[in-house]
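Okay, got some structures for you below.
The same chain A turns up in both complexes below, where it pairs with chain B and then with chain C.
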Partner chain A sequence: MIEITRRQTVGYRARIVAYLLALVMGFACTSLLIWLSGASVMEGFSALFEGAFGSEEAMLQSLVAATPLIFTGLATVIAYRAEIWSIGQEGQMFAGAMSGYFASLYLGGAPMVVAVPVIILAAMIGGALLGMLCGWLKSRFAVNEIISTVMLNYVIVYFLSYLLAGGPWTAEGSTSYHQTALLADNFRLPLIVSDVKLHIGFLLAILATVLCWGILKFTPFGFEIRALGANPTALRFKGVNVARTILIVMAVSGALSALAGVSEIFGVNYRLKGDVLTGLGFTGIIVGMIGGLNPFGALIAALLFGALENGSLYMSVLSDIPPALVPAMQGILLLFFLSASVIVRYRVRIRRASYV
Partner chain B sequence: MSELLSPEILMSIMVAAMGGATVILFAALGELVTERAGIWNMGVEGTMLVGCLVAYLVMAGTGSPILASIAAIGAGMVAGLIIGFMTVTLRVDHFVTGLGFNLLASGLTLFWFRSYVGGGKPPSYSTIDTVPIPGLADIPILGQILFNQHLLTYIALLSVPVIAVFLRRTTFGLETRAAGENPQFLEAKGLSVATRQYAALLFGSALTGLGGAFLMLAFADQFRPDISGGRGWLAIVAVIAGNWKPLRTMAAVLIFAILDSLAVHAQGVGVDVPYQFFLMLPYVASIGLLILIRSRSGQPAKLGVPYLRH
Partner chain C sequence: MTSPTLEVTALCKSFGSVRANHDVTFSVDAGELLCLFGENGAGKSTLSACLTGLYRPDSGEIALEGTPLRLSSAADAIRHGIGLVHQHFVLVPDFTVLENIVVGSETGLFVDFASAEARLRQICESYGIDIDPNARVEDLSVGEQQWAELLKALYFDAKLLILDEPTATLDVEGSKKLFRIIDKLKADGVAIILITHFLEEVMQADRVAVLRQGAVVGIKKTAETSPEELTRMMVGRDLKRQTRQSTPMGTARLALESVTVEGLGERPDLDDISFCVHEGEIFGIAGVAGNGQRPLMEVIAGVRKPKSGIISLDDTVISSKGVHAIKSMGLGHIPEDRFAEGLVRDFSIEENLILGEHRGTFAKGGLLDFRKMAQNAKRLIAEFSIAAPSGETLVGNLSGGNAQRVILAREMQLASKVLLANQPTRGLDVGVIDYIHQCLFNKKAEGVAVVIASSELEDLIALCDRIGVLFQGRLMGIVDARKTNLEEIGLLMAGHALETAV
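Our next item is the complex of A and B:
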């Protein structure tokens, strides 16, 4: 008979083989998709990769595109390690961008060294509060966090739509664009490489990755996060206030998501508008999961996905393939990675039935 | 505000709400059966979205609402098969699977739609007509609300008692519930848990796909990205708030549908409250419902717990 048992530990080699296989399968399915849409697979992929890595400028541009994904990816890692299945990264990112913009309205002619940190802080508070609201709903009223975060995503997007479609934040004379006026120079994130708008948000993202890794691995709070995921009952018996831990996890996750909003609005677009943010939170979920819920894994996945995102524009110019190929490809890769990460945990043995 | 409360507008809100309820009700009933079999399927939103796109493509191509509905049912079942393979066969976490599937569906439908349209204008069609029931449709007030609706609305409403009876009174319904309450028991009787869970997922996802088809055929003349707009999620909330019982689930669905219809009418009538606040209502209400209705006594004991054969 066929016997399936759970492995206690999964070796690195098995894991790498499984992930490589998932990657290959993902690319194969994406090729099939391109082929079905009637475009040339080779042309598509070569344009995609040229747009992503073809020149120094393209590569720097890919880093710009990866920056918000690193943040939303890390937000996913922190929440999912605690087995809090938040999909509020999208809404928290919007809330962050909106709080940051709100703060900027009161900063007037403040010098950049003051204005930018205040904006970043305000954004993080905004994202954290929205995250904590869902954490509170979960621990106080047992409202499933998936549902509360999904619903609040819609609420926050409609709220921004109100503010920008004729509401108080709408740029004068451009109601139909649904955007604010251009941000003053002192509110913009300083650039590292000015031609491609690589801003300090990228450095912050790297720093955040290292911090998340350190927190998860070395601090008591990191232990609580992991224990909350593995065995909340044991954590409770240990005397840890689980409701408080949930709140903090959601606050950290929300603050990280908010930074994604700051980098896109204050680092790249220089005005608040909804459609430049749409989807970055959801892609962050894929980034975090494909990264194996490990901060550095998420960083690598974000860099890859940022590159794909960046290359997709070039691809859509050179071929008939729409840029929407990239979100489709990300979804396909995600399902293969999820399957691979589970399959690798089982050992399949074929042996003769010994009882009967 | 008072404009919304005139008798004609109230009537119109209720009539439209029954149509809107149909979309969510199909998905909610499907999810109800799926969850009673122990699968916490979080992929409803994605399944509905796939149903929407497939219905749109077939409708735009053939002009036949029947073919479009059948195709959407088929697409829903494919979605159910993928979710089943991951949750039942591979035993991936149910939440993770659903979230992953939704992201896949969102990306795939977007790509498919964009490459179908190419650079041109997406084809559109006229929405399907209502089918008044002779005699009953003439009853004042109730006739318009209940008996001057689309064919699929009648089917959705009739499905509520049918599914209730199926779950309570038939052998297969009992076995489906056993898969969610006590899978070992099924196994001990020599019956396969996996078969029943797959069946429930296929049935549930087919209904969700049909809900998506109805959304496309009755309310939209063309597809747009993420057109399902959270209705799949509202279906999941309706099941929880309905304590996993068909009739109560329908009541929750009606609340969402009326609020949704209210928002549409608020935009049309021109109320001084910005319409975006009306659009938020169903989503806010869903959280409110979960806070108010805390009873989870109907929740299947093994809901969301991957079953490992012994």
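Our next item is the complex of A and C:
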């Protein structure tokens, strides 16, 4: 008889084994898809691997691709630990990029040491405000945050479309491209490795990971975030202003998402356009979930997804595998990781049907 | 001689290092009512879960009518004729009573609702249960849901019926009715196991098995024992019932003047309440559940705001202050629902003990002071005899009594002037109740004004100096606990004003 019992505690080793198995199973399922699409599995995977880890340059490129995902992943971790189910990482990232760009319009010839921090700050404020709007709607009018964040995602993305499709921000003579003019040099994030555009955003992301971890674990505010997620009523009975806590959580989550927008626009693309951002917020949700809502977990998941993203570019060039398989692969991995995170809490034993 | 309906031999069940049941042996005959009696966490619920297939015992044997049984699921238990009435309801709110009973347990592809309904009506009639099979469960009162649970067990012709704390949600009339049904079931040859910690109910059984720390410490015929002996067996020591001490009362400490709190509907939750509690006084709040006890405690603690009226503590107006500010003035609040309002299940004992003080006493340089948290927990665990392996134990893993001790430990520290306790002993066994009463007396001796709401009127009369009775949000009267009796309070609770109120 197969017996399933709940474990009292789950060790790190069991977790790691479970996640590695999930990774293997996820790749196995993807192989099946590749095989069904008629391409060569081996060729596909070796191209993917080559693109992601094949050289020093490839690896650095993977880090560049991972950077925005670390931010949106952390944004997910902070909100979800408080059991605020925000889907607004995408919109907040757009809002961040747009606020940063807006600030840059007034920075003219300011030197980089002034311009970049101001842009980053403006972006964080923009993302935080959008997050706080949803937090306020939730605590003041009990508007479900899933609805408000999803809807505001559309509002923001279409607002950017308006601004870029012949609106005030459209680059002269490039209406059909839906993008702004190239950013001046002093607005660009300084590079750590210039060939591959590994910019300081990556260092900020690592710093943010450590900060988020420390805040959750060591500070009274982190204590409140966790308590808010576990039992807001008890928190209210002990005199904590729950509405204010929700506002701050959404502000932090929004500011983190905004940083993803800044890194992509001011660190990599050097002009504001929508399609380079699309999806990074939603992928951040997957990253946060796979990371077990732990900041370092999210960091690892983001690095994995960055590598996948980067490798997939290579794969689509070098093999016949349709690029659409990459998001499918991410989805498959998410399913396996989430299953693993649940299953690891149980002990499955097969034994003879007797306990006498 | 025929085999007993149920025979349990040397049953053991552990969860990790916790031995929930150890070497449990007992039997129940057809037509017999056996009571399982024990403190919270003595292993009663685990035992019933083992008997109904929810848990698998680690070792030992369960035999039904002489045949060894290995139950793999609850449905399996039902097939073998073992019915369980849960302490916590397991009904689907959107379904009717009939659907709840039939769906998921009938075999075959289609359900014959018509015949099932006829059968259910017939059961209702023969046992005198007045419930409409087609009523939706969410429309039923808590008491009626309890009957629906019972119907579920009766529907399947149980040979053995296990009732887990069935009277917790019933009123006096309901309990009497339940015992009438039990008598009829006994006459029909059903073996019944009643799990309870109410002594009155225990004495109505044929035999009692007393559980302590997971083991059976004795099986007695009720005719040959006494409530005192059973209590001694359950707790493992003698209990002295606490009674009021005549500490002199000081000046007014907590005062409410014409306090009104708005309700959801037309009627206010609290309507023009005025009273004061003195230093060293225990003030009781009596009333049928839902007549304003909760809003009263919450408005004093600052969780809710009054629409009008003034609340003051030592001449300082607190009705305009927030929870945190009021608490800091020396007010402790033991809320009614310990897991929903008092504790965070997923937090450790350490963390729960600093809830509310996490930005004050237990923060240092913007970070949580983990060393202080650990010391605090260690001290309070010892002082309040919280049974837990360590301060890092999750509160969700504690029994009700120990969880309540965690709240008690936290709130007693705060309560230097006022202590509010809303149903502090509900669902707890006599050992813990005794302890909580002792804590209240200690506070009284320190000159704290104590306000306690309880549904146990006898406890209120024994504990309090004065008792205020609430009816539909109004204070019907305040009586002197030394001179009052159950009848007088009962009349006030039913909304009859008294002329002789003190």
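The rule is short, and it goes like this: the second predicted complex is superposed on the first by the 337 of 356 C-alpha atoms of A that agree within 3 Å, B and C clash if a C-alpha of one lies under 4 Å from a C-alpha of the other, contacts with A are read in each partner's own complex, and residues count from 1 in each chain.
To be clear about the criterion, a residue touches a chain if its C-beta (ideal position, glycine included) is under 8 Å from a C-beta of that chain, and two chains touch if they have at least 3 such contacts.
Remember, predicted model here, so these are calculated numbers, not experimental data.
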| item | value |
| --- | --- |
| Chain B versus chain C as contact partner of A:A142, first or second or both or neither | first |
| Touched partner set for A:L235, first chain B, second chain C, both or neither | second |
| Chain B versus chain C as contact partner of A:A227, first or second or both or neither | second |
| Chain touching more of chain A, residue-wise (chain B, chain C) | B |
| Which of chain B and chain C A:F218 touches, first, second, both or neither | second |
| Partner chain in contact with A:W35 - chain B first, chain C second, else both or neither | neither |
| Residues of chain A touching chain B in the complex | 33, 37-39, 85, 87, 137, 141-144, 146-148, 150-152, 154-155, 158-159, 161-162, 165-167, 282, 285-286, 289, 320-322, 324-332, 334-335, 338-339, 342-343 |
| Footprint of chain A on chain C - complex, ascending | 15-16, 56-61, 68, 70, 72, 301-303, 322-327, 333, 335, 340-347, 351, 355-356, 358-359, 362-363, 366-368 |
| Residues of chain B that touch chain A when the two form their complex | 42, 82, 86, 90-92, 95-97, 99-101, 103-108, 110-115, 118, 229-230, 233, 236-237, 240, 274, 276-277, 279-280, 283-284, 286-287, 290-291, 294, 296 |
| In the complex, chain A residues that touch chain C | 1, 3, 8, 218-220, 223-224, 226-227, 230-231, 233-241, 353-356 |
